[in-house]
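Here it is, the structure in full.
A, B, C, D and E are the chain letters, set down in written order, and residue numbers restart from 1 in every chain.
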Amino acid sequence: MDLYVPILVLAVLAGGFALFSVAIAPFTGPKRWNRAKLDAYECGIEPTPQPVGGGRFPLKYMITAMLFIVFDIEIIFLYPWAVSFDMLGVFGLVEMVLFIVTVLVAYAYVWRRKGLDWD
Amino acid sequence: MNGTIQAPTIEYGLLAPMLVIFGAAIIGVLVEAFAPRYLRKSIQVPVTLLSMAGAFVLVIFQVISGLPSSAAAMGAVAVDGPSLFFWGVILVLAFVSTLLVLDDDNFVASAAAVPGSAAEEEAEITGGAHTEIYPLILFAVGGMLLFASANDLLVMFVGLEVMSLPLYLLCGLARRRRLLSQEASMKYFLLGAFSSAFFLYGMAFVYGFAGSVDLAKISQALGTVGGMDTMLLIGLALLGVGLMFKIGAAPFQAWKPDVYQGAPTPITALMASGTLVAAFGAVLRVFWVALGNLDWDWRPVMWGVAILTMVVGAILAITQTDIKRMLAYSSIAHAGFLLIGVIATSTQPEGNSSTLSAIMFYLLVYGISTVGAFAVVTMVRDAGGEASHLSRWAGLGKRSPMLAGVFAFFLLAFAGIPLTSGFFGKYAVFVAAVANGATPLVIVGVITSAIAAFFYVRVIVLMFFSEPAADGPTIAVPSAATAAVITLAAAVTVVLGVFPQPVLDLADKAASALFIR
Amino acid sequence: MPWLTILMAVPVVGAVLVALTPKGNGKLAKQLALGVSVVVLALTIAMAVQFSPKGPRFQFVETYDWIPRFGVHYGVGVDGIALVLIALSAVLVPIVVLASWNDADAPHAKYSVKTYFALLLVLEAMMIGVFAATDIFLFYVFFEAMLIPMYFMIGSYGGAQRSYAAVKFLLYSLFGGLLMLVAVIGLYVIAGKNTFMFPELIGAIQDPTTQKWLFAGFFFAFAVKAPLWPFHTWLPDAAAQAPAGAAVLLVGVLDKVGTYGMLRFCLELFPDASKYFTPLVIVLSVVGIIYGAIVAIGQTDMKRLIAYTSISHFGFIALGVFAMTNDAGAGATLYMVNHGFSTGALFLIAGFLIARRGSPYIEDYGGVQKVTPKLAGVFLIAGLSGLSLPGLSSFVSEFMVLLGTYERYMVPAIISATGVILAAIYILWMYQRIAGGPTAEPVKEFKDLNRRELWVVAPLIALIIGLGFYPKPLLDVINPAVDHTLVSVQVEKFTPAIAEKGAGQ
Amino acid sequence: MTTEYLVLSALLFAIGAIGVLIRRNAIVVFMCVELMLNACNLAFVTFARMHGNLDGQIIAFFVMVVAAAEVVIGLAIIVTIFRTRRSASVDDANLLKY
Amino acid sequence: MSLTVLATDPTLADFGKDPLWITIIKAVGVFAFLMLGILFGVWYERKLISRMQNRYGPNRAGKFGLLQSVADGIKMGLKEDLFPNTVDKVLYLLAPVIMVVPAFLAFSITPFGPIVNMFGVQTPLQLVDLPVAVLFMLAMGAVSVYGVILAGWSSRSPYALLGGLRSAAQVVSYEIAMGLSFVAVFLFAGTLSTSEIVKAQASGGEVLGIPMPSWYVILLLPSFLIYVVCAFGEAARIPFDLPEGEGELVGGFQTEYSSSLKFALIMMGEYLHTFTASAMAITLFLGGWRAPWPISLWDGANTGYWPFLWFLIKFILVFSAVVWVRASLPRVRYDQLMALGWKVLIPLNLAWIMLVATVKLLRTPGVDLTFVYVIGAIVIVGAFAIWWRFDTVNQRRKDEEKAKVAAEFEQLANEPTAGGFPVPPLDLPHYHGVERKEVPSGSN
């Protein structure tokens, strides 16, 4: 656990700094009221009304997020494998080839189904 | 890092049936990726069916060549007699369910199109189809195989998820009444994930108790580890919740009717047969292998669960007006009957193996009849798809005596009338239970059987003794595959109802050595 | 020669053939069915002739392993009791076929004619099977499977309330059967002999408590089937709604399985429990006798009335079985046969009447005697047989039952005897209302019995009268079997000493 | 030392479970399920430390993978139904009743 | 000599033993390094890019404009803190914090030097090292994404929301490739700990008795190149600075953080990511704090506080390269960006990893290799088959496309209305206003 103490210390420093900056900002600057300043910025036109909970956004982003989760998790398996590769020998290589081939199959499917295309 | 890792060994030969299925699933994905649209189905179907048949042949081959004495893949997967039997059964059931799937008419043309939208209409007109269902089915079947033969809880969990995840999706792909289907999918998913979490937390506690998730080691730890009984019991309870959910035992049965009703009927058939078999495989492994020495603790609860399951299944089925929901409740009741078998453990290995063989036989015969029954359901259609409301089935016997007759036969098999396979299934389990001192359960089972018979008979009455509705449903001309499924299911139901001995022998042989640890 | 197997196989094959006859050619199906049933009858007679009453208890035995895993055999064989009941079935079926010639054409029919007759033949096979089975499991299988064809016959071809009646019939029987299943399993497991063969299981259960439980399981099923008061409520519905032919088989044969089961299985497998429960059974029987008779008096529907008379008669049979004397046992067995003929005749004749008038209600008739004397005549004979007039077959059996019971249980016997008086009331009153009195308007259109109908009733009347005067052939066959049974039960042979002692007090 | 982690994991699990039972929005329900899975992970890692073997940590890996797969499938299903019904409330999904 | 090298090289075991005050000193040191780095990094970047573009760059505040960043910072502090009334207040304020804190933490595992004597305590010149140090760095990078998303979401403005999503999509897409590019390093180093990775790069054998460095950049060049590309994507630097693509999205997720210190924090976070990426490049591929080859021949080069100098030099050089890229390359399109990340870097990476693993295995003595050869042959043949198939299909598709276009062109040339769209005949007289006379088309 002691390993993480330095990180904690640094986190306290950085967090303190960041929070301090955010907190101090309203007091250091001037205050001049102007209705326009309270609107969201939309190139000067009337702002689009936003539904509570955020607007809807293209599904594309969600698909990207899903793909990320799937592929990122698969990377996780590569790390321990890489670290202990020397001990696993041929077995390790074969299994990892199989694993990667499997991943690539899914990858190929996504690619062919235009999951990776952006517009 | 510290110390060296011994490279593990994997007995590919023993795992071959599973590998074939998963390999075929992967090929299926590749076909989806690279084959042109018009060719996909004609590639997918043979790949799917052949892989299942091939896996089945491999299972047979393993049966012939003898069983290994220890678990494969570093103790992760136990390829023992029961496993091979479960594999065989699952593969057969999956095969026939897949034959039902071949009828495109059950599946949505384009899942992404919003129901009722122009996009959906267009997809239907252009004959769009999701041939992804085949690889998904293969993955689910692979998961079932793994689930039923897992020898440690982690592999079991992985198997559970590999089995469930494709099914969640498949549930949402019904062509008609898509809102219903999507809802079913969502409910199944949310509740399924919920129950997996319970399973997992239970697994964590058992791991905390035993320091391992290997079933055999857990079993050893029961005797050696002291002072952490609370943890063990919590783990046991949570594990049980997760598993009971999967088999649809009360009070965790709520998902079953909804999902069965909403899912495309071929998928319902797969779930009602294959999933149940696999889930019972897992239940048996957990409760017999890992926690077998703890039966004094889990048995009373299991008694309650079994009784509740049977009663709930039988009584709620009476009130149903939808044929698929009714079959779902019937499946719940049957899960209860099967639980009687799970409870009927004995101190003697011979007693256990005869109980095990009874359960396996029951699963086989129930699975086949269920697939047959759902196959019939797919054929009774209205303008809006399957006419699953019971009132629409009135007078079916007049319109189509053959179909109604076969369906009535399946229902009688569910009810356990002699000379149907269902009778021997029930009988075998009841005998085992009486032999192992669970007579009160058997009596409850018998009484609920009688209650259950009521709603089966009600359907028969409706089909045969009611006047047909003027604008009754049409009976679809069955595709060759559907007809084959119904014929096969009916034939098996008859043959095993008259000559169950060969299959019983097989089950006995499979169960004789019990589970390897 | 595997007589019994052939006896079962012939109707099954016949049923398949009937089912395969071309659609719309009902006549062919009927003729085929009749032919098959006559062949069965002939075979039965041929077999019965070879039965030697002094030979071993079970004859024509065949035993093959069926499901070794469960110790189940395909074991058949007959003793005298089973033989006469098989004969009863074999006799009744052709008659029923003939009587039902037009039943399946009735307006309610939802099915082709051929289905009806195919079901009938399947039922015949199962009836023979259930009596022939010497393996308890096989018996159970037939016992349950028999329900299905009957269920469809009632449900598809019956009266207005047919589906209700059919379901009630099925569920009652099924429920009873399932409890019996538990007992069957218990018997198998506790006996631990890994066999279901009846002869080997005699005396296998010694523990009294176990015996009682198992007895209860078996007895409940049989009591529902028989039906014994108070498990009888399904019978009037089923019998009233069933087409006449099916009703004959239902009451005439199917219900006998219950009393047959009591005699064969309850008594021999669980002798101690049987003795323990005897008072209860006797009370139920006596109540059934009186209750059935009284309720029968109040019926307005002919078929229901006949059904209630049967309940009364089944009380006699059960009484005879549980009296455990040779006379009573033989009487009860004989009663099963005779009741089959007499009630069968009643149902058939009622069926003829209903077919003419289209109504089962007694009030719709009147003066039948004048319009159709032959019909009324056979009706009277059948009715008198139902009330056990001396000289008609039922009298012999009823008398034997009462006598046998009296030897051991005097009071119940006396009370039961009042049933005979009540029987006279319900039969004669019914006859009077239907056949006597002023001729009702629609009755004037009645035609007398035609040739087919004569052929239907003639054998029955002949048997009723014939057996009334000369029951010896049957008793010769029955007596050794009943003796065997009672030996297994190990009742002390009734000695006059007890009677004298009883009389002396 | 490890007890606190177990208590925390139990708390998280309970929060997740209660959330599943009382919240009506499918996405929230789903997130609660994920919370439960992560509570399991915490328990696994804690036990792994307690027993001094690595099994628990490896299991946590697998659980993460499964959770990821579940996320993908779950979101796909929820999005589909949301597109159809314009609502992610579990209560709005009410066609299946008995 | 190699003995001394090893003696001063920290291993994992050397961490977690510092007294608290040393830890605090080190943490403050890292913090100060980063803060100063930002101040001077901004100045340096502007200056350098200006010189590359033939301008002066900042030269007003202080000597050479050195204080420009300080002035900017003060200016931002003194500006009005805008607070649009539609925002989700808590998250809006928290988002910059969430962005910047992990950025600091990600840097914490960077090794600056060997074990040194710090105020009498023998301690590694590195704040912390973990068995999973690199993973920790990646994780912190990922946590920052939450800040981006939350900033975009809480702003309740379409620009911000889309910008946030885009940014997140970009970062996560490149994170996969980045994660993969480390795998080859781990294969060789056998550890995820940064100090041990640096140690693994210490010696590359001896040539003519002269020890050679073994930087992974030489051994694993493809990994390094992929890493560099990904690092630009991760840190959203030009040419991949799409999140704030002002042409399309105004300011991306930070649209509503138009001024004040919140904006400063966001900027700071992005800078820190660039720094972390540079430090990682040095640590994983460029030998870490070790002196470059000729200098490394000097025994003392890798002892004491010297290595910090080598690190700093490498750091500045790498950062200069980053700036140099910014000065040279245009911004790519978003679809190009995603396509590069998903369709090029990931498969390339996987193939490379497999190649490296195979080669490594082949070089291991005493391994039965027939199986490896078989698998390798299958993979190569398979890859070739796939490539060939792709190529032919692509070729066919291109030909088809070409033929189609040609046909369409032909058709349109013959009958102008063929496309279904009412096209005026090409020779229709043009209307050029009342004053002008009609001119037949094509004649002007």
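In the analysis below, contacts are C-beta pairs under 8 Å (C-beta built on N, C-alpha and C of every residue); 3 or more make two chains touch, one makes a residue touch a chain.
All of these numbers come straight from a predicted model, not from anything done at the bench.
> Check every other chain and keep only those touching both subunit B and subunit D; list them.
Chains in contact with subunit B as well as subunit D: A.
> Is the number of contacting C-beta pairs greater for A-E or for B-C?
Greater number of contacting C-beta pairs: A-E.
> Name the chain whose C-alpha centroid is farthest from the C-alpha centroid of subunit C.
The chain lying farthest from subunit C is E.
> Let me check something: if the centre of a chain is the mean of its CA atoms, which chain is farthest from subunit B?
Measuring from the centre of subunit B, the most distant chain centre belongs to E.
> Based on mean C-alpha positions, which chain is nearest the centroid of every protein C-alpha shown?
Of all chains shown, the one whose C-alpha centre lies nearest the global C-alpha mean is B.
> Would you kindly tell me how far, in whole Å, the mean C-alpha position of subunit B lies from that of subunit A?
39
> Provide the C-alpha centroid distance between subunit D and subunit E, rounded to the nearest whole angstrom.
It comes to 33 Å between the two C-alpha centres.
> At what distance in angstrom does the C-alpha mean of subunit C lie from that of subunit A?
82
> As a quick test, compute the distance in whole Å between the mean CA positions of subunit C and subunit D.
64
> Where in subunit E do residues touch two or more other chains at once?
Those would be 191.
> Hey, what residues on subunit C touch two or more of the other chains?
Expected reply: no residues.
> Where in subunit D do residues touch two or more other chains at once?
Residues 69, 76 of subunit D touch two or more partner chains.
> Under the touch definition given earlier, write down the residues of subunit B that touch subunit D in their complex.
It comes out as residues 111-112, 114-115, 154, 157-158, 161, 165, 168-169, 172, 178-180, 182-187, 189-190, 193-194, 196-198, 200-201, 203-205, 207-208, 211-213, 257-258, 261-262, 316, 319-320, 325.
> What residues of subunit C sit close enough to touch subunit B in their complex?
66-70, 110-111, 115, 140-145, 147-148, 151-152, 155-156, 162-163, 166-167, 170-171, 174-175, 178-179, 181-182, 185-186, 188-189
> Under the touch definition given earlier, write down the residues of subunit A that touch subunit B in their complex.
Touching subunit B: residues 83-84, 87-92, 102, 105-106, 108-109, 111-113 of subunit A.
> Okay, in this complex, where on subunit D does subunit A touch?
Subunit D residues touching subunit A: 61, 64-65, 68-69, 71-72, 75-76, 79.
> List the residues on subunit A that touch subunit D in their complex, please.
Interface residues on subunit A, with respect to subunit D: 59, 62, 66, 69-70, 72-74, 76-77.
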